[in-house]
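What follows is a pair of complexes built around subunit A, which joins subunit B in one and subunit C in the other.
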Partner chain A sequence: MKKFNKIVSVALASAMVLAMAGCGSQKAVESSEAADISEIPGSSVEESSSQTAGNAEGTFKIGGIGPTTGGAAIYGIGVMNGIQLAVDEINAAGGVNGYMLEANFQDDEHDAEKSVNAYNTLKDWGAQMIIGSVTSTPCIAVGEKTHEDNMFQLTPSGSAVKCAQYDNAFQVCFSDPNQGAASAQYIGENALAEKVAVIYDSSDVYSSGIYESFAKGAESQNFEIVAAEAFTADNKTDFSVQLQKAKDAGADLVFLPIYYQESALILTQADSMGYAPKWFSCDGMDGILGVENFDTSLAEGVMLLTPFAADSEEEKSKNFTTAYESKYGETPNQFAADAYDAVYIIKAAIESGNVDPSMSVSEIGDAMKAAMTQISVDGVTGEAMTWAATGEVNKAPKAVVIKDGAYSAM
Partner chain B sequence: MKKTMSKTLRSNIITIGLVVAVFVIVQILIGTGNISSLMKGLLVPLCVYAILAVSLNLTVGILGELSLGHAGFMCIGAFSSAFFSKCMKMFLPGMPAGLRFFLAILVGAAFAGLLGILIGIPVLRLKGDYLAIVTLAFGEIIKNIINILYLGVDEAGVHFSLKSSMDLHMEDSDKIIINGAMGITGTPGDSNFTIGIVLLLITLIIVLNLIHSRDGRAIMSIRDNTIAAESVGIPVTRYKLMAFSISAALAGVAGVLYAHNLSTLTATPKNFGYNMSIMILVFVVLGGMGNIRGSMIAAVVLTLLPELLRGVVSDYRMLIYAIILIVMMLFNWAPKCIEWREKTVAMIRGKLSPKSAAKEGE
Partner chain C sequence: MSFITYLINGISLGSVYALIALGYTMVYGIAKMLNFAHGDVIMVGGFTCYTVCSTMGMHPVVGVLLSVVVCTLLGIVIERVAYKPLRMASSPLAVLITAIGVSYLLQNLALLIFGANAKSFTSVVNMKSLKLADGQITVSGVTIVTIVTCIVIMAALMFFINKTKLGQAMLAVSEDKGAAQLMGINVNATICLTFAIGSALAAIAGVLLCSAYPSLTPYTGSMPGIKAFVAAVFGGIGSVPGAFIGGILLGVIQIFSQAYISSQMADAIVFAVLIVVLLVKPTGLLGKNIQEKV
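Here is the complex of A and B:
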């Protein structure tokens, strides 16, 4: 029995450490909202009545959902900051049609269940539209609930097709099949390689989604996939086996539809085994130049399809990057850029649809849905973005290559 | 003898009455519109975690074996039932939702229970630390197999692959049901609070009845002294297996409820990994090992806490949650604290009724 108690205490101690570790640095969205949020538990009656009758004070309440703690926190924090930056800018410039915007961002820990809880919290707060969720699986779960309420939902970075399966949901980023097919097309049309290897994360929705559509797209192109090697989230530090297989199969290009943390390891390990193929990746690779202790010269020549590059010379992106850096002291990633655009997209749709904050959630949802298919937005992640009623965005993919330690357009 | 009988009966009635009372109060609150959307959304998860805590208490508190793979059984229940529900929705769209969900619960419980038996046969030969390690491993294996499992059904039959969805060779990719890491999407949302409470009550009745039955006493005797139990002719392996598989089947039921509450189901380390197993163990240990009512209350409190803290201190809620865990652990288990608690209780009792205190003193 003594031993038993010992194990229990060790197990519990580790659980606590994990709970502590999950508590990343979460910045306050805006102190003025603290008062609003703290009303939630007790005063649900007024909350729900104000929700149906609309908001008389004349502010649009925008709810954001994403992971600000846990493993995917870097994406959620980027989105949270991006939203706040855009909201502050718009308010400083006089708001939308004279109405102010107000944002409230809730943590979902990259978990579908917590994401629905976050959505319900925002509903109690009186949210009229939702930017989120940041990651795909929680986004699909939240989509089911927003569809029930007919609340307008715009996901900055939920890239699975099902994220926009209902008519009230729209995407800012490309969907996974889009990215995979576009990559295959790009490699084929530019004759970058004849034999291609793919290393992907089979336990990740984003990665396996892109791989599948890439493989389908590759069938009609003039190159051949000679190796498709998978790894999982539990086993992502040693890639020598996957690289060796790619090398033995004679692949002259390796496609990496994965996030930059693993990509950095792969590039380092490939270099140490003397394997130097061409590298091609998607938007998850954005951020590789910021990895600590990573020799950026290894990333030289890596090609990636991404909607946003932080060191772009283009005016809009440059302004956004400067504003973000001066406010938060770090370089924005693609997620922050998507979220920043999301707020401006909402602004454009509000203006086009003549939406005003006194309308009910469902009325706003209907008006925004109709407006979304008519607007065209120039943002930092794409020029002249338009939307079909299905919710998918229509914009030109940008391919960039890493040259002299910086992204440059191809 | 008569007195002790009525004591257990009273305790059981309090436990079940508590659940019914909560149900009635919540129904009144919903009826009068006095409940926030957040609370409404939390009702089904609360039932899920309460069922999990009660079921794990059977293994940890009653059988006395430490299992760290409970989330694995929940995972099996969730995926098998979601698969069943989606198949039924596809091929028998006319089936009433109630009947479909009832069958889904049976399917989930059966699969989880069966796996409990299969895993239990080799694993229950181990004790203490070793059992904990092996159950932990099995939990992770289940999660990882589900993550590479591709399963689809169409007119030609069932398609199955462990590599990728292209290897299924299906014409219509919409009919892939389990799509590897992407899991199952579009499970019908059949769970609701009433069903959750009914399942929780059934779980409680099963577990409480088992504890106070002949089999339950045999199981507890194994916990208290295996050698003595064996020497009086109790078939140790059989009873161990029985408790373990019932516990697994009930965890499967919780999984069914979980799967039908959200439209997406993926096996991530967060929801079916060992983090979740430890979480359930925390409910059990904080509520008291062997104390069914306590583990249920601990599950409810610890699930509600981080969500309610959202409103008060959004930034530090996870930190506060961890601190409260530590404080609760100390309050419940530290010897000095127990001593202090007993003293205080005795003092209050003494003040309230000096006669009975004097009697105890004799």
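Here is the complex of A and C:
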């Protein structure tokens, strides 16, 4: 019965997406601007529509894909806003080599199938490059399609290795193995704990990917993994067993390579059972302070490895944070920063490769691929970012800690 | 010690499943239809309580009462609009598909109204957690309230069904709609009442589910709904005590398999047990007990 229900739900969901995708492309043709963006609170319609000059020749059309609704919405909305902010800035400053940029962002609800539909919608719109998908599993699915079309794809935050498995795809964020290994290194070098427990989502490629590399990285560090407890997407409300096992094993630090919704539940449940270890997490934890009605004091002291801290004194980050806050009325998260960088990376690659919008999608793809390995970009998520032909980024990781209900650099 | 903690956690999880399963089993027993929207009525109950208590700042008791009222009305409306016109349809599949449609409708409406971001639910239970054996075992207040509520509701339901006129009417409708009508029972009103009761139970289940696992999204109800459906089948669908036992057993098996076998395999084990039980006893644990049938 469960399976039947699943099949039916998939069928219904895809029917809905098809219907929605149809609307989306129509709107895009009519108004030449991401119609979906206007529906999200915080984004400004006037500003986004004044910057672009329609479907005229001489614009680069950049498609964005990510969840603006659903459980991972906070990431997708951040990315959507980050892209728009950067596009507006670049256009206001005269564009890239004299060409304007135009962005269109489509919702995928953190679902692989919907993500592919969003990609098809963007192709109908005339997208020449893709920033997306925001989350790993959908990103891998879209990667198969962009590879077929040889469309240049840059994911701001899809961190699974497979997100950049083809030569047309690149990442702004660290890949999962890098995050896992860097976390292990950080915990070890700063002597944060002797006994570490891990709670991860075995049904999620992001989470299990980080866990595997973390476990490997931990071997050469002077701490021990005393408990590695998994949960699956179907069982993500009750964490009593996983926490009890971590507690019984005497773990003084719990590593959570998972997203913030589950983390919020884990922190609450650990508090109610009187278990207070140190918490360490990766970029998926970013967003926990935005959970409505969540008692942020529970997250006090949580450490996370993320390339961006909104309160950073560093000039680039500060300018970005100020611009973002004045435009959208909220503090940017790391995903917004990744997306903002993604647009500037595309700008750098276009300039370096002398790409021009009259080229075909595949020609642009080839030119961008070659340019990506040549450029070095100073962004808000890292200094002197460079890329290997595999698509992986090379930059230094940073850790932040939650202090007084805000992220602050460690 | 941890064995007892696991057992308590299992019973706690199981009693939430049991509460939801009671609604499933009532509706199935009487209307002979699977109300797949039941899990989403739970979500509506959770959101109602969240809006009343956390957004408007009213007392939790008001929140619980209002969510019961809202869900009861919602249950009646769903039944009247979506299910009743199809009751005489040639294929029982039609109403099943409608139920799935209603489920998606509710989810997407909630998505539209409340947005996708998870909300942290403030527990409506203010009871302090109980510490046993020198504080080695902690039983949270929500757990105690959930278990007690579940037992009280089950007892009240059994009393209602077996001892009152309306309850007898329900039994009659569940056995033979046509004959019940000939005996002067208003079949439509009885089925409507069933939906009202089932949805009221869903509201309570929703509030307790969100109190125990305080994360509220438009999809909160769907997975517990499916698990509770399994629990209802496990205990013998149509049987009130069966739903209770099925729910508790499902929760305990799930927690134990997480704790002692593998935290990833929990669902596989739960469903394997279900298959074995159904192979041995196709009607579920308490399925053959026709007297108990709602």
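The criterion applied here is as follows: the second predicted complex is superposed on the first by the 354 of 410 C-alpha atoms of A that agree within 3 Å, B and C clash if a C-alpha of one lies under 4 Å from a C-alpha of the other, contacts with A are read in each partner's own complex, and residues count from 1 in each chain.
Going forward, a contact is a pair of C-beta atoms (placed from the backbone, for glycine too) under 8 Å apart; a residue touches a chain by one contact, two chains touch by 3 or more.
Remember, predicted model here, so these are calculated numbers, not experimental data.
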item: First, second, both or neither for A:Thr232, with subunit B first and subunit C second; value: both
item: Which superposed partner A:Gln244 touches (first subunit B, second subunit C, both, neither); value: second
item: Contacts of A:Ser326 with subunit B and subunit C, given as first, second, both or neither; value: neither
item: First, second, both or neither for A:Lys123, with subunit B first and subunit C second; value: first
item: Contacts of A:Ala264 with subunit B and subunit C, given as first, second, both or neither; value: second
item: Subunit B versus subunit C as contact partner of A:Ala215, first or second or both or neither; value: first
item: Which superposed partner A:Thr69 touches (first subunit B, second subunit C, both, neither); value: both
item: Partner contacting more residues of subunit A (subunit B vs subunit C); value: B
item: Which superposed partner A:Ser202 touches (first subunit B, second subunit C, both, neither); value: both
item: Contact residues of subunit A, present in both the subunit B and the subunit C interface; value: 8, 12, 16, 69-70, 202, 232, 234
item: Interfacial residue positions of subunit A with respect to subunit C in the complex; value: 1-2, 5, 8-9, 12-13, 16, 67-71, 73-74, 202, 229-232, 234-235, 237-238, 240-242, 244-245, 248, 261, 264-265, 268-269, 272-274, 290-295
item: In the complex, subunit A residues that touch subunit B; value: 3-4, 7-8, 11-12, 14-16, 18-20, 22-23, 26-29, 34, 37-41, 44-45, 47-48, 69-70, 106-107, 109-113, 116-121, 123-124, 137-138, 140-141, 143-144, 160, 162, 201-205, 208-209, 211-212, 215-216, 228, 232-234
item: Complex contact set, residues of subunit B against subunit A; value: 33-42, 45, 64, 66, 68, 128-129, 132, 140, 144, 147-148, 164-166, 180-183, 185-186, 189, 258, 261-266, 268-271, 275, 278-279, 281-282, 285, 307-308, 310-312, 314-316, 318-319, 321-322, 325-326, 329
item: Complex interface listing, subunit C residues touching subunit A; value: 2, 5-6, 9, 13, 36, 50, 54, 97, 100-101, 104, 108, 111, 115-122, 129, 135, 138, 140, 213-215, 217, 219, 223-224, 226, 229-230, 233, 254-255, 258-259, 262-264, 266-267, 271
